[in-house]
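Common to both upcoming complexes is chain A, partnered first by chain B, then by chain C.
After this line comes the complex of A and B, so read on.
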């Protein structure tokens, strides 16, 4: 059924349709609407789940880990400072190989105190062992929660579904909300191989000596590699059932493009309009949207970018002391590859929720097109000096 | 992966569960090596109340039967001294460990 819903509520519906069994959450703007709606759904019986109010995000994730380890399909949601507070538990969830799905509303980190969007909160959790999906619209948000469980439960790694603060979280869009019976056919109940069970007691996360710790890490990396295949396979199956196909990346008018723009989240969906406009003016430009940041789509990036004249990356984030993070990762993906390496322009824009409008994106593209090479590793867009 | 109370034998990653759970018994991991003070029960004074057995945070005190003083398992006792503190007749002495 088509509904006009906010991005936050698309998350709530995604969790409802996935028949999550536990939700433990602490409210934080702009995530609050997600858990508010889920608490209503559990209170009125629409969703049969245990809703636990906790005193912090650290406890939210700790509780979610406990319920996932005991075999429940567990969900939580957070944002920014909340995600930072649960950081220790993020490692625990991934290391314990629990298929938790969490929504993170991308909100810039304080100070200066802010509630508006950028990606530094989730990207600071880059190396914890969670898969990260950056969504471009509310439909993708809902679908990615369902897909998140489908993939996580096969590879035993948690998934973070990420949406931009306000631009998605508090913006109403038309979303096709599938029937729960159809979702049931796609996403069967969670049946873990190992779980906390009083009839079969086990120790979890006990002391792991240097003889075996490294092997556990190796297995996490193997699971990430396998996840790339599973994400593509399940994204295709989802497309066959619901008419919307998802992969690691999305290509938009890249086929004969000289210049490829790389972006993620809502900057990428806005960029499509700019690509259309520039195409109409006869410019051969295309967009590569990075949907899945972890596992990183190295092969897809190399395949799409190889031999192009120019690559332009827009980062709504920064690794202080280096560059934009997607820019850095895209460059890194190329180093050991064969073939042509196009010059790459790394722009930083839209930090702390400053709008990245079609005009901003177009100016970035025009700037890169007129230059042979970037004059520096970071090209700041719109900084007032 | 094979394990008994003495040892865990793991060939490598392919032989391991995904989750670091139930790798086997911790029994092989003799955690007493860092003990500095060792509890010694004076059995002649022990009234067999088993309060020490209840309090030991490491389950390092074994219950034999109701008529026998409990026995401290020095492979796992970490020497925290809780048993000595709790013993109502003060018949557990913490003595300097000699190595």
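After this line comes the complex of A and C, so read on.
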């Protein structure tokens, strides 16, 4: 059934349809309406889950780890400083190979105090061993929660489903909310191979000496590699069942494009309008949207970019002392590849929620098209000096 | 695609009006987006709410800077902000006021003006208090009549969804505004 709902509530419905069994959340800012709706759903019996109100985000993730380890399908949601406070536990969730799904509302980090969107909160958690999915609309948000469990429970790594603050979280649009019986056919109940069980006691996360630790990390990387296949397979199956297919990346009018724009999240959505406009003016431009950032779609990026004249990356984030993070990762993916390496332009725009309008994106594209190569590794867009 | 900007004050229900309008338009198969001015809303302070309605999927996700039409929930805003900022020439300005469209001669030079006394309709239907009437549903009746973006039946559903408290009174207010709104001459 199609409903007009906020991105936050698309997450709540995704969790409801996935029949999550536990939700632990800290309900104060930067928390969002996601868990408010889930608390209502559990209170009125619509969702049969245990909702635990905890005293911090660190505890929220600790509690989620506990319930996931005991075999429950566990969910939580956070944002910005909340995600940062969880950081230690993020490592624990991934290292313990728990298929937790968490929504993160992408908000810039304080100070100065902010509630507006950028990607520095989730990208600070780049290396913790979580999969990261960047969504472009509320439908993808809902679907990605369900898909998150489907993939996580096969590869035993947690998934972070990421949505832009306000631009998705507080924006309502039409979302097809599938019937739970249909979701049941796609996502069966979680049956872990190993779980905490008082009748079958085991040791979890025990002291791990140097002669075995590295093997655990090797297996996590193997799981990430496998996740690339599983994400594509399940995204296709989801498409067969629900009519909406998802992959690691999305290509938009790339086929004959000389210049490829790379973007993620809602910036990529807005960019489609710019690609259309520039195409109408006769310019051969296309968009590569990076949907899954971890595992990183190295092969897809190389395949799409190889042989192009120019590549333009828009980052709504920055690694201080280096460049935009997507820009850096795309370049890195290319280094050992065969064939032509097109010049890459790395723009930073929209930090702290500054609006990335079609005009901003078009100006970026025009700037890159008129130059032979970038004058510096970071091209700041719209910074007031 | 039609882009509508609602000017109001925190507490008047502008954001809910935008949501109910989007929901109503979506019932007829339109693609919609509804969002508030991103930030923290304060009661009494000027607020904006944005609505996009389109026959095709909506990919643009920035704010609306050049609306096709604007709605003014509180006539006192006319003195404190420029409600026509960015408004496309020939667009409608739908104002909650007791005045007639003819009184807005300056606006009428470039835009079309419609007026409705949504405050009186809200008070008559016991929506909010006399001091702080909640005019959002009444104005919706005027919006769908002037802009023809949703049917009355679909608006009723949209109001029930997003303004479930006193739904019947709110629907009645919307219908009264639908009948009472006065349309000025074409610009």
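We adopt the following convention: the second predicted complex is superposed on the first by the 381 of 385 C-alpha atoms of A that agree within 3 Å, B and C clash if a C-alpha of one lies under 4 Å from a C-alpha of the other, contacts with A are read in each partner's own complex, and residues count from 1 in each chain.
Criterion: a residue touches a chain if its C-beta (ideal position, glycine included) is under 8 Å from a C-beta of that chain, and two chains touch if they have at least 3 such contacts.
Computed from a predicted model, the values in this text were never measured in an experiment.
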| item | value |
| --- | --- |
| Partner chain(s) touched by A:95 [first = chain B, second = chain C, both, neither] | first |
| Which of chain B and chain C A:194 touches, first, second, both or neither | first |
| Which of chain B and chain C A:219 touches, first, second, both or neither | first |
| Touching partner for A:205 - first (chain B), second (chain C), both, neither | first |
| Those residues of chain A which chain B touches in one complex and chain C touches in the other | none |
| Residue numbers on chain C that touch chain A, as the complex places them | 19, 22-23, 26, 31-36, 38-40, 58-63, 65, 161 |
| Chain B residues within the chain A interface of the complex | 10, 12-13, 16-23, 26, 29 |
| Chain C-touching residues of chain A, taken from the complex the two chains share | 2, 4, 115-116, 164-168, 170-174, 266, 269-270, 272-273, 353, 355-358 |
| In the complex with chain B, residue positions of chain A that touch it | 95-97, 156, 194, 202-209, 211-212, 215-216, 218-219, 222-223 |
